[in-house]
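What follows is chain A paired twice: with chain B in the first complex and chain C in the second.
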Partner chain A sequence: MSNDDNNNTPLTLKKIGLFLKENGVSVQPLQESANVVETFLIETKQLIKTCELLKNNKDMKFDLLVSISGVDKPDENSIESVYHLFSTEYHHKVVVKAKAPRDNPVVPSVTNLWITADWHERETFDLLGIKYDNHPNMKRLLMPDDWIGYPLRKDYIENDERLIWNKR
Partner chain B sequence: MEQTIMKDFNTDTLTINVGPQHPSTHGVLRLKMNIEGEIILESEAIIGYLHRGKEKLAESRPYFNYLPMVDRVDYVSSAFCLSCFCYAVERLAKLKVPKRAEYIRLILMELNRIASHLIFVSSFLLDMGATSILFYCFRDREKILKLLEEVTGARMMYNYFRFSGVKEDLPHGWCDKVKELCDELPKYFAEYEAIINKNPIVIARTVNQGIITAEEGINYGITGPNIRASGVNLDLRKTNPYSVYREVPFEVILGNKGDALERYKVRVKEMYESAEMIKKALELLPGGPTEHLEEKRNQCGCKKEDCEVCGFDTQVLGEKINPIAFKPPAGEIMADVEAPRGILSCYVISDGTNKPYRVKWRTGSFSSVQYLPALIKGHMFADVMPIFGSLDVVLPEVDR
Partner chain C sequence: MAITKIIFTTVDFFYNWARANSIWPLTFATSCCAIEMMSTGASNFDMARFGCEVYRATPRQSDLMITAGTITHKMAPAMVRLYEQMPEPKYVIAMGACTITGGMYENDSYSVVRGVDRILPVDVYIPGCPPRPEALLDGIIQLQKKMRKETLLDRKKYLEAHKPKVMLPPEDSDILHPIPEMEIYHWGVQQEGYDLTKLPLLREK
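Our next item is the complex of A and B:
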């Protein structure tokens, strides 16, 4: 599943993307279907740098982390960690995505920048198994502590031994 | 409340367990606290007791079949969850929504906001031991719920919004009833204010309790009335208008102190504002009340796109969609609405099939509960209830 299937025009960087590129972040623009919010994919190792730039620059000021979502993509053998940012001063939005390999997904934690990331990252770890590096308290949030597997992964049911009765 | 004393502790510090089933936790929240005497040293919030897997359920059923489940994300203000999901799918599938449908949604949402804030006022005061206000609030909430039931057929789980519109038009005479109620409501709100605002017990227990500063609140992801009470002008209805909020004038209510009492006051003022908004929206409703519209339509009957009585904007459903064959094009979208408990976002990814690839809910209460341990740190144990109550948390929304 790619985001630019229906789109024939080449993707160009807009204001926020250009700002990041100027500051040495390799940005790959992605098309969002409604084409309102700038969306891009960045390299996972540059995530902290990108978030710092977006939060602290006086023209960006993305001070509110709306959510962190994990998206499992077995076709591409990767898991995405998606950051939705919002600025309470300029009221603009941006979506930043970081990719990690599916067998050992590790993404740096942004808890030092936004404290709210704490629970969002724990939830994503809980449901998709993305491990956030440098997170202060990486344990399950919604599921019980002894739960096996990551429910929101696409191959969850097949991997779960307890649900073997499903196959009868 | 269960109290467990850990025997191998040599100091006076106790570890106690509040919840999961505790009347003041508004659902099923568990707090593990270390207390010294009455002072809370540190605490940990444990959630997940109401986790129903809403996000996983979405991946296994068509978009239409997911609609009734969306209601149950937040049962106190389900119109907001529904509208949020509908906006996301509409923008994904590029569906046009008639103006009349948008206005009906707005009216329902604002009525729902009042009903939700009434629950807040009653439960907030109930947490502090004032039972009488509960009956006042529920008396008035009942009137709102009756009106909502007349339209949607349900008191709480409306399931009334559809992609590109609403299920059916308003019943005859409904607009007049709503207008009448909205004229009455401010009187009722003044009644609560007369009871609560100068009550010495309420003031003693809420003033300067659980202060949220603007900066820290934003850092913790606190949104909605909770952050507006700290003076942050963050109201998506105004800053990033969706639906027809651009056309309906209203004022954003801001507080400055950010304590528990201020959060209550902001919500009460918002109820006044919502009542005004509904009245204005009823005047602006394209086509006017249903009974008049039907009569005019019978006389006109031109069925032209831009006609004032038979045109697109006076319909309630933009496009009739086959529920089974409905396949939005591949893509992703994040829709945000300003719910009574903060920003409610729905992130929908479609892969071009009739089922969503991924749905993610972001709710205001989730961040509020995360912030709770930091807010009650150093406070007395008895302050937990007013502080937690003032955040207006609905636990099903936290666990989803």
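Our next item is the complex of A and C:
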């Protein structure tokens, strides 16, 4: 993996990161995935601003939201919401991460910018419990509506009433 | 008494002959077993040769539910609803590993029901992941054999055996509750110390 080679070199901002920094977003570069895609962490307060910049600026034009996913990190007591963006005009990609505290994770929704975000955010809410602010329909997507707990969290305990079917 | 039995035997023969040779399955399939089910219905394997003619898109017109595919907790209430909407007499075939024990989701999945027999009465089990179309054909032939042995005199017993094993939820909830007085038989593969000689086997009855 090329990632191992890069572990010692300090992380620096590249084109997209520098662009965001110029526009007043505090960007923290992270290890790039496969040495190709720029990855950085931003403050959750500035998520909407960042996404608007990335979508509407004529040099960026990230018009396609590829996916929204979540990462549960109990060691750091935080949950990350991960956005993969792609520009169909310039063919460049970027990964943006936003952190939220683990006991009450709230992240602003980006459904106003990309309508694709609707179901992606519902799925992330369903499995990891990240609540997206201003989402039009923040309900569970894959599990039943009244399910107890968020299954993909590291400390998930199966305690739903329905699981009595599974006992032997 | 003897005369009634003779009459019923004759009636049963024709009644069962008609029933068993025109099974109408419900179009109900949730995952990859559905591909094999479609293949069974198509011309290469042609389920119609054995009198399992036509897939109905509504439960009101079907006799058989082939649960082809993984049943999740979210799907389970819908499946029970469909089963209850089917007219009597109705049958269930559990097709594939997922509907028998949960299959590869058996150990630590949060979303999969460990076998459809927890919630519905199953008549024929077809193992495989997914089963070949020949296996489904064999399962249907086994079901036809079972249907030919039934008699109208056993109707009460039949109705008792073909109740769903869970109760449908109230309107505001999704949770299905097991019927407490109905014992559910589990074909356990993991529990230790399973004395098979003392276990009442459903199939031998």
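The criterion applied here is as follows: the second predicted complex is superposed on the first by the 150 of 168 C-alpha atoms of A that agree within 3 Å, B and C clash if a C-alpha of one lies under 4 Å from a C-alpha of the other, contacts with A are read in each partner's own complex, and residues count from 1 in each chain.
We take it that a residue touches a chain if its C-beta (ideal position, glycine included) is under 8 Å from a C-beta of that chain, and two chains touch if they have at least 3 such contacts.
No experiment lies behind these values; they were computed from the predicted model shown.
A:67 in the overlay: touching chain B, chain C, both, or neither? Say first, second, both or neither.
first
Between chain C and chain B, which one touches more residues of chain A when both complexes sit on the common chain A?
B
For A:139, select first, second, both or neither according to whether it touches chain B, chain C, the two together, or no partner.
Neither: A:139 stays clear of chain B and chain C.
Return first, second, both or neither, reflecting whether A:151 touches chain B, chain C, both chains, or no partner chain.
both
On the A-aligned overlay, A:119 touches which partner chain: chain B = first, chain C = second, or both, or neither?
first
Per the contact definition in the header, classify A:58: touching chain B only (first), chain C only (second), both, or neither.
After superposing on A, A:58 lies clear of both chain B and chain C.
Look at A:91 in the shared chain and tell me whether it touches chain B only, chain C only, both, or neither; answer first, second, both or neither.
So A:91 only meets chain B here.
Where on chain A do the contacts with chain B and the contacts with chain C coincide?
Looking at chain A, the two contact sets intersect at 142-144, 151.
Help me check something: in the complex, which residues belonging to chain A touch chain C?
It comes out as residues 142-147, 151, 156, 158, 160-162, 164-166, 168.
Using the touch rule from the top, collect the residues of chain C that touch chain A in their complex.
73-74, 76-77, 102, 110-111, 113-114, 118-119, 166, 173-176, 178, 186, 188, 190-191
So in the complex, the part of chain B that touches chain A is made up of which residues?
47-48, 51, 53, 55-56, 59, 91-92, 94, 218-221, 223, 232-234, 239-240, 329-334, 336, 343, 345, 347, 349, 351-352, 357-358, 360, 362, 366-367, 370, 399-400
Which residues, counting only chain A, touch chain B once they are in their complex?
1-3, 5-6, 31-34, 37, 39, 63-67, 69, 71-72, 82, 84, 86, 88, 91, 93, 95, 114-116, 118-119, 127, 140-144, 151-152
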